[in-house]
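You will see chain A twice below: alongside chain B first, and alongside chain C after that.
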Partner chain A sequence: MSGGAATAGLVADPRPRREDPRLLTGQGSYVADVRLPGMLEAAFVRSPLAHARIRAVDTDAARAAPGVIAVLTGADLSDVEPFPDLRERTRPVRQRALCIDRVRYVGAPLAVVVAEDRYLAEDAAELVDADLEELPVVADMDAALAPGAPLLYDDWPDDRIVATAPVDPELDAIFETHQVVRGTYRMQRHTAMPMETRGVVATVERGRLLVWTSTQVPHVVRTVIARTLGLPEHRIRVVAGDVGGGFGSKLHVYPEEVVIPALAWRLRRPVRWIEDRREHFLASSHARHQRHDLEAAVDERGDIVAVRGDLVCDVGSGEILPPGVAPAFVSAGSITGPYRFPRSQARLTCVVTNKTPSGAYRGFGTPEIVFALERLLERVARETGQDPVELRRRHLIRPEDLPYETPNGRRIDSGSHLEAFERAVAWAETTRERLAPTARGSIGVGYANYIEGVSPNYHATSGLWAQQETSTLRIEPDGTVVVASGLGPMGQGTETMLATLASQLLGVPHDQVEVRLGDTDLSPYGLGSFGSRSTVVAAGAVQLAAGRLLDKVRTIAGHLLEASATDIELVDGRARVVGSPDRSVGLAEVAHLAYFRTFDLPPGTEPGLEATGAYEQPGVDHRPNAQGKLNICLTYANSTHACVVDVDRATGVVRLLAHLAVHDAGLLLNPQVVDGQIMGGVAQGIGGALYEQLLHDADGQPLVTSFMDYLVPGAPEVPELTIDHLSTPSTTTPFGLKGAGEAGATGVPAAIANAVCDALRDTGIDITQTPITPSSIRAALRATPDPTTTEGS
Partner chain B sequence: MRCGGRAARPAWTGCWWGEDVVKPAPFRYLRPTSLDEALDALATLGDEAKPIAGGQSLVPMLNFRLARPGVLIDLGRIPALTGVHRTDGSLRIGAMTRQRVLELDQDIADRLPVLRAALRHVGHVQIRTRGTIGGSLAHADAAAELPALALALDATVEVASVAGTRTVAAADLFLGPWTTCLAPDELLTRVDVPLAWQRAAIVELARRHGDFALAGVVGARRPATTDDAGIRLVGFGVGWTPVRLTEAEAALAAGGSAEVVADAAAAGIDPIDDIHADAAWRRDGLRALVTRIADQLGVAA
Partner chain C sequence: MNDLEPVDALDIELRVNGSAVRRRVPVRRLLSDLLRDDLSLTGTHVGCEHGVCGACTVLLDGQPIRSCLQLAVTADGCEVTTVEGITPADGSLSPLQAAFRDAHGLQCGFCTPGFLMTLVAADPAEHPTDGSIDALLSGNLCRCTGYQNIRTAVRRAWGRDDEGNASAGSDTPLGSGTSSGSGAS
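Here is the complex of A and B:
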């Protein structure tokens, strides 16, 4: 990129988020805020059974109900194309927007009622009579793996949607000749609970389909609508507006995002559907339901020379785009964590069951494997008589190892893996001492070390998106700046981030920059927000666009100032001659020339001041190489979590006393925003560790469909939280930036489980499963006679 | 304002969140302004009607369409049902008195501090601001604090119908989960709480702050009489109703050790299994809580 002081680098800018005044004073605009004249409301009829053949859906009574405009079934929408099955080596599910011949989970959409208002739509929805022939239910992963299991997809030989079978005789030999430590670890089904549920409003405007939806990926939604409805993309506009949380659940494209536009297109009237919370429990993606059989081969010095795992993921019915198998691939690929284990192998089986499809949730497969691996390390330490802290210390990636390639091909360019851990150990020891007097029960300390992939090439796991991101910068005639991007923010401060990038990379004041997001008519095609990528890829794209735009500004300003373009720099909104700051012109004067006095432009200069940059990240693989290695992300942030807990042995109640997140995301463009990301992530991690679970009975009926039973942690459940930033720049990303969107959630279950076991270390209790509940701890203690428990607390 | 498209739809059901998607099945809505008017309506409508107090349990059930009353009778505009009448020996609390009002009442805090302590466990401030004491008792959730407190403190409730009024002891009120001895045409109008208790305390364990109890205990103590040792221990969240732990009371009165009392309590319940705690845990939890409360009552080691 060409010179100019302002483009040399980025500096931290801890300003308050520019979106907050709007969001915190009720001025945000969410899907439910969209009100259109003549708008109709939709309600979905959802399957009450987990697995059934659809014999018929009788809509006569519903059609005759008051205020009903239309009732459509899957058969009525048979001209809507199935969602594309894009991932190779994954069995196709041919998902339909409305089910046609089969329902595979409770909540699957059977029909939709459109009425004058939601009450009438709900009243009529109750009158839709679905004749369902019950089929045997595959209720869990064991049932799905059993020989002769009932099939969810009749043309599949079994219920495995994905099955990998890596072969490595050398690795097998290592396990035959070494001490092997084994464990089976389970994480429960739980998921994102954004404050704003999903919702879609669609209307036809001047022959075009206009769709508001609460999504992280507006352009991808547009593409899917175009493919399923057979409309050209340029006749569809998707607007995301403000999004009240997504956490991964809104990077999927859902049936309602196709059905509501299809209804608006047919009826030529605005149609609205707002997901209620019960629907969110039934019809938005679930996540994290995995079981890992892990093994470590340990040599005579106590070093781990290899790890291998047999990972099973229950992806529910599998009817989701992009496919729910993707996080499980990340689990498998993260099996060595930040540790120098020379060899590894992960066998992955994803099975379909009669439950809500699972998909993405903050951490994307990483919390599951970190929980399993960190618990296995504790077991290795115990079975080989080592100090678990020392065991970790000896195996963590050291500065001299970098860049380091993991056995399965992750190329870790940078990081502070050992330093982060040492800081956590120091904190934990002093914090344990400080808090010991306040403990009512037994106090314990736990750690988790991990790396978090940043900016994935999502094609490898989803078959859909690769990794590009595009930004457009425009200087308006008055010198103000617009930056437009296809990112799909969901509350994480993306507007502030983009304004900061544009401001610093162009050399204009922050408040002179306006940000356009979440509207496919206003933004260049982008892949949206996911995978801790937004800041990194936006920086790449804005850097390219700013370079191009600056070149033009310099040419015009040089012409005005009678100086060489190469001697012009843009500082604080003024173009000036390097070394002669009194010779300058404002950006408005440059823009005036570019737009109005175009006859005064230097010869050969096009009018206008606009440039687009599209960033494709280098060095990231989109499929495994011949050795099965895959570098899936542009860089890898590292983190260590530690926590101090107080366990009441009489009741099994765990009190979190303090939690630490040491986090290294390279250059922090806005440390306040990163802090917010980590705090929110830790709260969600606590939910997964202790509270949240989506349970089903043997018939596949969900047992948890409201916040009465799904326990999201509130402020009282989140302990004193310390965030300690390290800052090791990446060598592979623009400006050394790394991502921070997911890492907060990832280490929490492992750290809490380790701390609880530490508190109860005299009992030898070995937690292998989340959530850790009072019942599960008491059950373990009852099974482990211990003299200290008999007195109560 | 467009709140449902049908005139019979009460304005407020659709409008708590603006004009949004709160969506019970159709019902008629009455808002009497006197007790007689309410009782007349109940007498006429019987099973078809459902009284609504603070709505903190009923409204979610309406919106899930699990409760589908034909007529909702809103008790919120009946002045006679609100307020606290104080005598030397008791508090007479109108059924529609908001929990938050009782929580903030300094006189009650001085004379019956366990009531404030119990209310602090009831949901969150927003819930207590709408929730009423009578609504909680009539709803009869086995894991709720106020029914257990009423039972432990020998409270009585006044029940009215067009036929007249009767007084029901808390011990006779709770028949089963969400079930009381009230007939469909009867209304719980008042709670009388005796102030004879020298000490009373409440402890509970919930998954999160503000949740229903996984297990809880109310303990109370007053001077013994010839036929009453003056000790009450009531468990909640551990059965289908709040449960008098009579054997534990006896053990406590006999000066039994905390462990003996706790074992007696755990033996005296038939706890339920649910997704938040299993039955074995509920015994363990109750045992731990009884140990604590015995301590607070100052009658056991």
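Here is the complex of A and C:
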């Protein structure tokens, strides 16, 4: 479809993406592709110790090395302000772009070498001699919680960066008078691992800083550069070209995004730094490292009347902006999932340890709590003698419950929670029968139900930026349309999406629309792409801008056609009189008046054809209310995952035979793109469930720093996914849209764990942590009585 | 012997995408850096620098290799083909590239050139099943797509039917491994 009449609605437009031809032919423009005349290259010197005081950093030998232009330490950059600590109720870390007196994780930046090329910079980086005084290492969350633990921050009383302790005597009374089922569930440290590492190129152009960086949040990066370097924002331009994946890791602003601009500013020469993969393992955000003690109070009918949890998140050193505590708050706030548990409470403790700072990763705290809750439900079913499917069915939100407010204040406006689950159960029962186990294997089925917050309030995460998004629409003199947005795409097809919005909401052909993104000079201030928000907030902003621009087009076209402005509609790029399609003018003719023959404009009409719309989402809370409730997102998509696995009883190897995602994201603007988001999310979920982990030894030394050890799933590990779309529009969003960026990843660890336990149910195995490795299954089987040596199912 | 004296740089001659290239190259310079920084062929991407992810795959005399693990001087006298070299001269898409676009076989696009180079060197007859396609692709990592649409693109580019080669999970009540819902409301 191309264009069509501007209407109150949007329709699905399953076209191939406009980004693809350049990406398929090697014509994309990623940060590492930027090459400038006279460009220097930087290499960072990183801490080899997890915790140490910096006595001195000797750079003399490095400075004397061939091709070296400059070597800077933290002391040399002491005039650079610390990263701002913006979030309330989170202890300040005063993160430095280069460490000054203390290093708190292996990989922390100590110094930077700038040389004629990267080879020479890396040679010289080896010559930098850091005199470090080792300090006791806090290697894990238990060590951080122990009384008298060594402190990472000398002015803190302990290593807790966040501690919430809600008190609810009524809830405690419920747990004292009911049967209680409890479990402890752990998710391992793993992370986004985009195929493109990070990178920054900076230069000074006509007195302004020009910075290329691989980021999801170009404007936010600009603000942080301005605050740390003390420059006005208008003297900084941040450009994110094509970004090679982000998945949350690139919504953080990193030290190198300040250091490289500072170097370019001082040296007045272009400087490039491209993170290598080992650096990425050390210096880009980790994620998901949580432990949940969960309890359910069950009444005599087997109904769950309350859940409560004690959640601990290991955020690493904490030196990251926005702080890595935010996903753990989402875990705590999502403790009831899509289930009607009348009461809930979550105590949250986030601790700092001597490891790489953790932060955002697709799902943002939700996969962790879904894993814990769905495993707990299985245990409740077993300990109370119930069918786990029936237990879920009885507690899921039903259509008549909507809108439904969870005990934590999430306001779920719409969804198909029970229907999604029923469809998954029907699929799983059929699929289980169809699939045969391997010779030593047993087959099992697992489910996970969840909701995924869409378009979160970034204020709760960052402490500063809230939730607005802005788009500008301009009709050029030749009638083409330019839409500019502050979103920060990382491969999701955002350009195509924005063109589709502008095309449909204005009424112009798709190929008549050009999109400007990822450049702070070309786009209005926006908060970037994260939290499954891009399509939803862009639709809100483009809708406002298109309405304003259409009003003007109607006025001018009405004047040209001698008709009332209210009788003009824009269809396929032509303004025509409603009911008389013969009477029409093209957008170029309208623009000709607006820009050139301005003396022919209707009286009082301002020249030009441009409008801006800034969308602020309604009904989202910025801080908890007196009862601790917080509605953090604009809406909540729902999903059920089901999978069928084969578990080899001798080796413990899990094979995923079939996986279903029933997904309700409302209207799908580009169904093929939404499917792609779910497929990619599921693959990442498989990695987190079975393969990926970032291990450290007792000294905080990372044991996994390459793709040899960090097992990103390859094609053989990811089965064909079946996607079943339901389509319940939101009542709170523009056009009923819901986001779909994150949800694919969220249900996978829980569904696979449940399926593995189902396959081995005769053994009583109860998986409580990820990754579910062959050795962990063999260990669990050894630890449980084995009533049979034959295939279990 | 003089030949065994260490040298910092060597003169090399090779053909890149059909054009002759003569360069004096530091002996430790990687082929990926020669292609990207010296020849401005930035379609070859470097994802891990240790030969696992496959993003930097190019053809050396027709065989796929990791350009991040190959010293440029060892390509002396060879024919190198990059993603720019498999793109039709008029800037349109080859059938393989078009299949990736139509099947939504790419998202961020960073790994895509490596997949394309692996595939152009492959003989479809040696990969008759989905399982053998997966084995072929197992040396290339993609973090965005989950591989399913890449598999679809390969089937289509190789003249195979989506349904005919569909694997587990395909003949369920809910559809064929792709979207079964209406998508619109």
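Please note the rule applied: the second predicted complex is superposed on the first by the 776 of 793 C-alpha atoms of A that agree within 3 Å, B and C clash if a C-alpha of one lies under 4 Å from a C-alpha of the other, contacts with A are read in each partner's own complex, and residues count from 1 in each chain.
Keep in mind that, in the parts below, a residue touches a chain if its C-beta (ideal position, glycine included) is under 8 Å from a C-beta of that chain, and two chains touch if they have at least 3 such contacts.
From a predicted model like this one, the values you see are computed outputs, not experimental measurements.
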*Decide which partner touches more residues of chain A, taking chain B and chain C as the two options.*
C
*Mind working out whether A:181 is in touch with chain B, chain C, both or neither, as first, second, both or neither?*
neither
*Touch check for A:24: first (chain B), second (chain C), both, or neither?*
second
*State whether A:709 touches chain B only (first), chain C only (second), both chains, or neither.*
first
*So, A:45: does it touch chain B (first), chain C (second), both, or neither?*
neither
*Answer with first, second, both or neither: which of chain B and chain C does A:276 touch in the superposed model?*
both
*Applying the touch criterion given at the start, work out whether A:561 contacts chain B, chain C, both or neither, answering first, second, both or neither.*
neither
*Would you sort A:119 into first (chain B), second (chain C), both or neither based on which partner it touches?*
both
*If you stack the two complexes on chain A, which partner ends up touching A:67: first (chain B), second (chain C), both, or neither?*
first
*asked:* Going by the contact rule set out at the top, does A:778 touch chain B (first), chain C (second), both, or neither?
replied: first
*asked:* Per the definitions at the top, what is the overlap between the chain A residues touching chain B and those touching chain C?
replied: 32, 119, 274, 276, 278, 706, 708, 714, 716
*If you look only at chain B, which of its residues touch chain A in the complex?*
2, 4-6, 9, 14, 20-21, 23, 25-26, 60, 64-65, 205, 207-211, 214, 258-259, 262, 275-278, 280-281, 284-285, 287-288, 291-292
_Could you list, by residue number, the parts of chain A that touch chain B in their complex?_
32, 67, 116-120, 122-123, 126, 274, 276, 278, 648, 650-653, 691, 693, 695, 703-704, 706, 708-709, 711, 713-714, 716-717, 773-775, 778-779, 782, 791-793
_Complex contacts: residues of chain C adjacent to chain A_ = 26, 28-29, 36-37, 40-50, 52-53, 55, 82-84, 87, 91, 93, 97, 100-102, 104, 106-113, 116, 131, 133-135, 137-151, 166-175, 177-185
*Any idea which chain A residues touch chain C in the complex?*
11-12, 14, 16-17, 19-21, 23-30, 32-33, 35, 119, 192-197, 242-245, 247, 274, 276-278, 423, 426-427, 430-431, 434-435, 490-493, 657-660, 666-668, 671-676, 679-684, 706-708, 712, 714-716, 718-727, 729, 736
